[in-house]
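These are the structures in question, set out in turn.
The two complexes that follow have subunit A in common; it is paired with subunit B in the first and with subunit C in the second.
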Partner chain A sequence: MQTFGILILSGLTNGSVYALVGLSLAMTYGASRVINFAQGEFVMLGALSTVLFVTTFSLPMVVGIPMVLIVCATVGFLVERLAYRPLVRRGSQPLTIMIGTLACASIMTGTALLIWGPNQLFVPNAFSLEGVTIAGITSTPQQLAIIATFAFLMALIWFMLYRTTFGLTIRAVGIDPAVATLMGIRAETIIAFSFVFSAIVGGLTGGLVGPLLGGHVSMGIMLTIKGFMAVILGGMGSPFAAAAGGIAIGLLEATVAFYGNSFYAEPIIFGLILMMLIIRPTGLLGEWEANRK
Partner chain B sequence: MLRIEGLKSGYGKSEVLHGVSMSINAGQVVTIIGANGAGKSTLVNTLSKLLPIMSGRIEFDGRDITALSASDVVDLGIIQVPEGRKLFGPLTVDENLTLGSYRVRHAPKAELTDRRKFVLDLFPRLAERATQRAATLSGGEQQMVALGRALMAGPRLLLLDELTLGLAPIVIDEMFETLERLKREGLTMLLVEQRADAALALADHAYVMATGDVVAEGPAPDLRNDERVRKAYLGESDITSD
Partner chain C sequence: MSSTTLRNWLPATVILMIGAVLPWLLQGNFQLRIAMLTWVFAIFGMGFNLLYGIAGQLSLGQQAFFAIGAYTFALLQIHFALSLPLALLGGIVVCAVVGLVIGLPVLRLRTHYLAMATLMFAMIVHDVALRWTDFTGGTSGLRVPPPSLFGARLERIDLYYLVFGLAAAAYCLQIFIKSTHLGRALEAVKTDETAASSVGIDVTRYKVSIFVVAAMFAAVAGIAYALVSRGVDPSYSGIGMVVNLLTLSVVGGLGSRIGPFIGAAIVIIAPQILAGLQEYQTLIYGVGLLVFMIFLPRGIGGSIERSAEGSFDDPKGEKSARRISRAETP
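So, the complex of A and B:
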């Protein structure tokens, strides 16, 4: 029973990280119908700029983290303004635009390499890394903060998308930006918001997971892939499906790593996802609103 | 209310409208008739700023709106019911109507409630379908949502692009009855319609377009009796059925 609890906890922690990346990927996709392949880089940027502000500049955490989020928001804004928007205005296909975001990912990694170098850096922790034992299961406040942040952001996004007029406009833009414009909705502004919002979520994820994973310039791409897997597994078009996919991958990974070897975890998970997609091509929860009409 | 002068526009580099001029007065219903490819829909989409203007000028309430964006034009109250309805298919009827009222989202709640009541009174069937996804409705019901959605915005000028295209005859009659009612309420409308007979019967003024130019204009009853217009755009059966 205790083993089971530890498994669940470690699966939930990693799963929350994948789910946060998946959630933000789905959020951008929901408004722009493009997978932002630079999403994982915002996690990297979040982790490493935490190092910059809190370790290098010795700012207290409460000042450092908001600074991190501002940096990520700015870069997210630039990705939309300098890559997404010009390509859309030229009538590029989604695939071309996705390659554009991949270019952004590569530029971000390269720039980070110039700033922070190739070594793994210790990322300062906002919460304690010392174990606390609850009901026989040992965890750390940092770990719990990741899970709590994920749960909070999921609730926040749900409320925003399904309970506010603003959220309704985001969904409308995702379905058809031209028709949304006929309603008077500034579709480009909504899409820019989705990029900036996702960048902030990425930055926050980076600040939280950095102390556990260690900060490294090339950590982003792995997270983009895991987040993308979460989106595919859960189903396109709904952030919650992506979040569920992320949690599922986290739990699966923990289970495979526990009973076998973490070395096999990835191929086994990819295999399982492949099988699942053959049975349900639209993902576990299907395409809720993904169909453009 | 609306004045268009020498309007040229089109898709990419190819010019479709070759200098169209027309005007619409407040409270007037104006119809544009013409064959397929005459540029009627291009004109409507240019007015909604979905297509770039190559040259010419558009004035609304005496104000030059040539350079405004699509959403700015909506803010002024120029609302389009697009050809092919273009609903948000995965969203419910209710959500579609709410999106229609985006322009007036800051208006007092009572005003929004009144507007919704007006639309649901116009189309009682939409109240029954409120929580259904728009894509699951019949063609006629979808057209009601499209018109209802536009009315939710509190339009000052309503642009109707091929409202009755692909609808059953009985539904078309219902649609024209609704338009008649909106006309009585004093709504200014620009009607692009393939059912030229019914459109001319409803309209005050009419323009005839061919290959991107206005080739004739006049009071709708005059054009309806015009020999050339009857020959070109009104089939015999259409006139007798009226």
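So, the complex of A and C:
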């Protein structure tokens, strides 16, 4: 029972990270119909700029984290303004735009490499890393903070998308930007917002998960892929389906790592996704989403 | 000579001539190595060009086949003492089989989904290459035995002509595929899958075929790279490799015949010219990729072909006629 609890907890922690990446991928995709390949890089940027502000500049955490979020928001804005928007304006295909975001990921990694170097860095922790035992299961406040942040952001996004007029405009732009524009919605602003918002979510994730994973310039791409696995498993249709996929992958990984070898976790998940694709070729989310370009 | 024939074989002749005389113009092993790497990446780019440029199927996992080909080539020589041609053939066959097995389920996906699924596959191959130390040699990789053909040791210059020969063969194959029923069917698939299947094109079959062909191109490139580097290591399947591939394809020009050659030459030579640039490589490739996509989306090769097309495609002089008539009417 106790091992089961530990498994669930570690699965939830990693799962929350994948879910947060998946959720922000789905957010950007929801508004712009483009997979933002740089999404994982925002987690990297979040983790490493925490190192910059808190360790190098020795700012207190309360000041450091907002600074990190400002940096991520700025970079998110730049990605939209310098890559996404020019490509859309010249009528590029969605896949071309995706390669454009991959170029952004490459630029971010390259710049981070110049600033922070190739070594793994210790990321300062906002919450204690000391073990806390609740009902026989040992955890750390940092770990719990990740899960709590994930739950809070889910609630926030749900409220924003489904209970506010602003959320309605986001969903409208996702369905058809041209028609949304005719209804008086500034589609480009909404899309810019989705990029900046996802960047902030990514930065926050990075600051929180950094102490557990360690900060490394090349950590981003792996997280983008995990986030996308979450999205395929759950569904790109809504951020919540993607989040559910992320949690599922986290739990699956923890289980495989516990009973076998963590090395097999990825091939097994990949195999599962492939199998799912054979049974449901368009993914769990159904035909409507996968057939859209 | 018809315009299509001319358009296909004029660049081929130019490339063939450049390739043949290049060793006399270059000095030292280092420059020869750079030339060989250009041919290697041109082969890699041509495979990707067929898959994405012609058929519109974006795979971000071509580096997996690049690595599988190279590893198979090395392992067959090390463990079974196979000769170079047999090991080369072995590497290609293994990649074709893996391409078929992966392609059948994965090609049910479209657009972003296909790109991500293939990238996932490549990440797993990368993990295996890194961690299955007994088989793949882990981080340090495997050494490829000194190349020899029919009992004779291959010198650097022989190796150059071998690699160049492979690139020339790949170019011919590329032109051949484009001119056959397969090539036309693939262009139809790229434009509209539903419309293509409505005129009797077996979309799945064609997509899988071209995926396997692209895997074989990647295998040949990987093997040639292993021959030139005298070894194979996990960086073959790394994310850097796919960024190189995308950069060279976009800079050269997607769907362009000569694009892969121009792109490969730039991607390989540029970092050498700007000395001490290694640190900035990731950054510069990223910036280059983005700038080309925004400002020159056809790439260098595509732009050259387009401006040359005026003289090829205008047998009746319609364009010049139009220009004259416009000049005459005030």
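Here are a few things to note about the model shown:
Methods note: the second predicted complex is superposed on the first by the 280 of 293 C-alpha atoms of A that agree within 3 Å, B and C clash if a C-alpha of one lies under 4 Å from a C-alpha of the other, contacts with A are read in each partner's own complex, and residues count from 1 in each chain.
By our rule, a contact is a pair of C-beta atoms (placed from the backbone, for glycine too) under 8 Å apart; a residue touches a chain by one contact, two chains touch by 3 or more.
Here the structure is a predicted model, which is why all the values come from computation and not from measurement.
A count of residues in subunit A touched by subunit B and by subunit C gives the higher number to C.
Touch criterion met: A:Leu182 reaches subunit B, while subunit C stays clear of it.
Contacts of A:Ala151 after superposition: neither subunit B nor subunit C is touched.
Contact with subunit C, but none with subunit B, is seen for A:Leu114 once the two complexes are overlaid on the shared chain. In the superposition on chain A, contact of A:Leu59 is made with neither subunit B nor subunit C.
Using the contact criterion defined above for the overlaid structures, shared-chain residue A:Ser106 touches subunit C, although it does not reach subunit B.
Residues 291, 293 of subunit A contact both subunit B in one complex and subunit C in the other. Within the complex formed with subunit A, the residues of subunit B that make contact are 48, 50, 70-71, 74-75, 79-80, 82, 86-91, 95, 98-100, 102-103, 105, 135, 149, 153. Taken in their complex, subunit A has these residues touching subunit C: 35, 82-83, 86-87, 90, 92, 94-96, 98-100, 102-111, 113-114, 218, 221-222, 225, 228-229, 232, 263, 266-267, 270, 273-275, 277-278, 281-283, 290-291, 293.
Those residues of subunit C that touch subunit A in the shared complex are 58, 60, 105-106, 108-113, 115-117, 119-121, 123-124, 127, 131, 239, 243, 246, 250, 279-287, 289-290, 293-294, 297. Subunit A meets subunit B in the complex at residues 165, 168-169, 171-172, 175-176, 178-186, 288-289, 291, 293.
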